[in-house]
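Every chain is named by a letter (A, B, C and D) in the order it is written, and numbering of its residues begins at 1.
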Amino acid sequence: MARIGVFVCHCGTNIAGTVDVTKVVEVIKKLPMVVLATDSKYTCSEPGQASIREAIIENNLNRVVIASCSPRMHEATFRRTVASTGLNPYLLEIANIREQCSWVHSDDKEVATAKAIEIIKMAVSKVIRHEPLFPTQVEITKRALIIGGGITGIQAALDIANAGYEVVVVEREPSIGGRMSQLDKTFPTLDCSACILTPKMVDLGQHPKIKLMTYAEVKKVKGFVGNFEAEILQKARKVDHLKCTGCGTCWQKCPQKILSQFDLGLGKRTAIYIPFAQAVPPKPVIDVSICRYIKYLNWVATGQEGKKPPECRICEKLCPTGAITWDQEEELITEKFGAVVVATGYQTYDHSHYQEYGGGAYPDVISGLQLERLMSASGPTGGEVIRPSDGAHPKTVAFVCCVGSRDQQKGRPYCSKVCCMYTAKHAIMLREHDPEIQCYIFYIDVRTGGKDFEEFYLRAIDEAGVIYIKGRPSKIYRDGKKLKILGEDALIGRPVEIAADLVVLATGMEPSIGADELARILNASYDTYNFMVEAHPKLRPVETQTDGVFVAGACVGPRDIPECVAHGGAAAAKVSALFSQDTLTTDPLIAVVNQARCIGCLLCVAICPFKAISYEVTRDKRLIAVVNESLCKGCGLCMASCRPKAVDLRGFTNQQILDEVNSLWL
Amino acid sequence: MINEIRNKAKELLEKKRVECVIGYERATDGLTARPAFIYDPSEVDRLIFDETCVHNLSRFLIDKKHKATAIVAKPCDSRGINLLLNESQLKRENLFIIGVVCSGVKKVRFNQIEDSLQNKCQYCPQHVPSVYDFLVGEPVTETASRNYAEVTAIEDMTSADRKLFWAEHFDRCIRCYGCRQVCMGCYCYECFVDELDPLWAGIRIASSENRMWNTMRAFHLAGRCISCGECERVCPVNIPLMLLNRKLEKDTVHLFDFEPGINAETTPPFATFKKGEDLGISK
Amino acid sequence: MTKVITKEDLLSWLRQLAEKYTVVAPVTSNGVTLYESISGSEVDKIDLSFSNTELSPKNLFFPPTEALFTIVQNERPEIIPAKVDREAIIFGVRPCDARGIALIDKAFLAEPADGFYKEKREKTTLVGLACSAPCPECFCTSVGSSPADPTHVDLLLIPTEAGYITQIVTDKCKQLLMGAPVKEAEAVQPSLPSLKSVPAEGITEVMSKVFNDPYWDRVADRCVHCNICAYVCPCCYCFDIRDYVSKGKIERVRSWESCQSAGFTRIAGGYDPRSTKGSRLRQRWYHKLLYFPEQFGDIKCTGCGRCVRSCPVNIDIREIINDVQRMRA
Amino acid sequence: MALDYEPKIVGFLCNWCSYAGADLAGTSRTTYPANVRIIRVPCSGRVDPLFVVKAFQLGADGVLISGCHVGDCHYNEGNFHTRRRFVLLRPFLDYLGTEKERFRLEWVSASEGKKFSQLVSEFTETLKRIGPRKT
């Protein structure tokens, strides 16, 4: 039997000025099960709370209604008050007679008083059905999964590992390093990208707390914060990395060559390869799509049709440690984690979509990233900048900004943020390579928001004598050995035409391929361009709507290196904070299934936005829904869709909402 | 035709492929049909099929959930089976569906066959079942076009008249739940209307509660009713229940372009949503 | 010579009665014939050629829903019992249905009597109307009644070409008939229509032997467990009771319930001793053909054929009786 | 219609947007008619059509469901489902004789206190115009 105490707050004159509190108390006193109804000047004040505590104990109340301000204001406060008497904090209900009564009906005291009474009646009828609720504790697996081994992932991994927690880094390429490893120098300081990146890569590779899984992909993630379980696909390397020493004999001798993705088609690599010299791990994989011996094996397997490929096996013969293992197959590895950091980064926009700029058909129209490879000392040309078509040294170089950025037609309306600066960097560096080079930069706006960025841009103009032309070129076409760039100088409103030896397109950023698929796997949301969506753009920049899944770096939006590093660190801090607890406390206001009533139509399973409902089969072969308490956020979608009302929401039960409605006509 | 059904039934029972064949047999008036449950191959000759076989047999599959069962299915019955499959009430592998091509069944009452088709047949979209393992009869291609004339007629009334129209019908309701019990979509162990905690509707057989019952019964079938017309057929006081179901069907088709029972895979309208969809309520 | 009342006189008589009494008579609308209370001006609505009503006249004594009493929350709660203010006449009761009411009487009027039922019963006069064209499902003659059985009505009218032969049965109707336009006339009582017979004799004895026969489960296969049969039956009388609280009043309500519905025998804690389809269906026949006869002497069936007509899946009491008889020995 | 008639509105408000919006209407001291009784639910998607039907059965003159603007749902997807249920339920109730003006779904954000008070005033006006429900 409920023993309800109702405490009506004056809130100074805020409530009492409009609502006749004495009258309210008189009426409420008479309600069934209300053993005490009283008022106080400031319920939330210390004396106010003290009097509630006393009243609870004195009258041995087991339900409390506080008629005051909005529950959004003081529910937490009063729950503590109630709890301090040993009563379960969830046996409290707030009647909002200030924001939703006295303050909005100050014009009519009578009406306001009547409404206040009804509001409290509703609260009373609801509180009767409140039950003691207890938060549950869940163990946390203190192990982080980092998806993506670029600078962001590396930073996050190192920070978490240095905080003392285990980390697994999954990178789909044969080496970590990401985009940054393809860069020659970084703006605005012009320090060598590799020189600052590789030490971090090595640290990561050797860190006792970090397990590195390259040439691997995350295929499935189930579970919830603190208790994820991920299925990771380790692709077949055909090389036993425990035996391999990375001596390099194999990739020097391998006869099968192909254009290198790492060098963006400007150089070649072999079938057994490491993507670049400083790769971590410094051990090769075999590209089964081109390896001669693999081809041969497939030929045998498929009934020896067509021409017989050579039984090469040179790498195997030369390998001093016998690390080549042809029978190595891809395998699915399942690992447990407590948190996931998505750092899948970006790829550059494919400029072949720009027909007006040759649609990728002109070898001497290259992307900024390709230029990086040409300028890099460890690049395909050993740092010599030459035209891909004829190897000649370009003297006139034209840059076009915003290719695949700020372009509605190409479905890329956003600014990629880094292109302005890297283009300035390219111009400056080209001048250092060869003082005779003249650079032209076609731009829409030059955006230099960042420390020392503006200075760097001015340096391009003053020191490197770069000529900036405002306007997006309309056409680029080949004219003999030259490339003609047609455009209009928007500042003087005159058409311009530049004959260049080399054209560099400042291609923008877009999320790495497969980012959307990964988001789905993680039940995180992503925007129309497949960039990850953060839980709050300002206040929760590295969290997602899915607890325990964090996002960092360029997979969220265009970012430069320092920002990515900062975000990696931020995500790491969040993960470490999570791991600093031993257990997670979950809110008890969640869905519960009445198994006797559940008919197993599984509509709720389909509807739940948090994948919190699954099903199991009972002993009498019935399908029934089961709620995962840690995943459920208590939205109540499931119960509104449940025809037999087999699922209910603690704290907002069907009975309670119905009783609230009923109370209006009692 | 009937021999094909009997032979198939016989074969299935003899081969122990199924434990029971649900079909039709002659009713005690010697004129109309009633559901038949055949367990013994020697009894297959009880089976009949003709234009008096109005019942939607898929409803009986719910009682046979975990048993291998064969069922004689008209197009409307087959839609029922699809719905039950979609709502994971049945396992396809437990079922053997003897589909019958149907060009409509007659209006029947006990001891009398009228010379017109059941209303459900007037607007049935199919002649061939949407799912079957074995088809009896010559497949016909043309399909009837959906027609909601009688629904629009009510939509065109003034809301006062509509209220009266329904009050008159609902006042007759005796809450026998015949409509619910014959419906293959109403398979809850305990119907909300029977529940005590909370007490959604009382036991009063009176207008306000009858109205509430009939409203929610229909709404629980929104996007699920496969228009077999059974509820309306069995109502002892002739309440035009299909007018409720078909209003919801009309809107469901219009808003969500969804027709229940056409296949077992399509996600029902209340289990999904489209972010961009407007549905005519944006302001 | 017999006492006869012409159709016109009959209607004008009913018109008079309507001023003093609540007159209830069969009216057909929306394709269903039901008993409705009619005012003097509405007597023309009466359907005199109906075969039988969809719902039996039991509703008038044992309504689908009735408030038994109301408790008003004043300073001290007071109880206001429901009562009937006006005497009633039910016109056009078929002999089978009259017998149905008589069967319910056995249960409801046996002391301690059901006050609410009793009051209505006492304040009501039954004007019977003999069947000239019974429905094909009827079998009243096999269960101790007949198309022109006057036993359980106060006044029986037998339709003829010349008008309705009035057969006075009880004193109750004598004073009712005072001043009624009844004339002496030549009217030949039509010969009773003959009905198919159903072997109901000695059914109770067989029933007592076949309780555990798998037969019940087989029949139940096609039963959908709606309450139609029970609700159209003129002599089924199960009910449920619940209290309603609203607008400061508490009302105790009783409504029809049926042994066929899932929750009927569910007890606190959720256990249902009659959870299988077979056991529920069997209960219906055992109450009609064994328990009731054991308690009150008669089979609880009037042969009105309503359940046969309205059953969605043709569960036919005549077939049941035949099958059970076959189980003899 | 009798001017003294005061319609009763049952309002189901989602905790994160609309309930906060209603609070804001208070903190910014706007006034609106006292005809609405607010029931706080976690999400507009928690509102079972049964609650609406029940409210009308008990005698509500109007029912309001209010939640976060589409796309802003605290639970990402809740109001998308609310919307689907509403667009079927509203015409259906209208079909049964409960005028569609009596049943509304409105998106009110935590910052739209003004919108909420206007909504209630306007809704109350409409209900006064159509008058009490004959049940």
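The working rule: contacts are C-beta pairs under 8 Å (C-beta built on N, C-alpha and C of every residue); 3 or more make two chains touch, one makes a residue touch a chain.
Note that the structure is a prediction, hence the values are computed from the model and not measured.
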Distance in touch steps, counted as few as possible, from chain C out to chain D: 2
Taking each chain's C-alpha mean as its centre, the one farthest from chain C: A
Pair sharing more residue contacts (C-beta pairs) when A-D is set against B-D: A-D
Centre-to-centre distance between chain D and chain B (centres being mean Cα positions), rounded to whole Å: 35
CA centroid of chain B to CA centroid of chain C, Å: 32
Intercentroid distance (Cα basis), chain C paired with chain A, Å: 72
Chain A: positions in contact with at least two other chains: 596, 607, 641, 654, 658, 665
Set of chain D residues in contact with two or more other chains: 49, 54, 77, 81, 85
Chain C residues counted as touching two or more neighbouring chains: none
Pairwise touch network: line, ring, star, complete, or other: other
Pairs of chains, among all present, that meet the touch criterion: A-B, A-C, A-D, B-C, B-D
For the chain D and chain B complex, residues of the former touching the latter: 49-50, 53-54, 57, 70-71, 77, 80-81, 83-89, 91-99, 105, 134-135
Residues on chain B engaged by chain C in the complex (per definition of touch): 27-29, 32, 34-37, 55, 59-60, 63, 109-111, 168-169, 172, 174-178, 180-182, 189-190, 194, 202-206, 230, 233-234, 236-238
Residues of chain D that touch chain A when the two form their complex: 8, 10, 15, 19-20, 22-27, 29-32, 34, 37-43, 45-49, 51, 54-55, 58-60, 74-78, 81, 85, 117
Touching residues (chain side chain B, partner chain A) in the complex: 65-66, 87-89, 187-192, 195, 197-198, 200, 220, 267-268, 270-272
Chain C - residues contacting chain A, complex: 245-248, 270
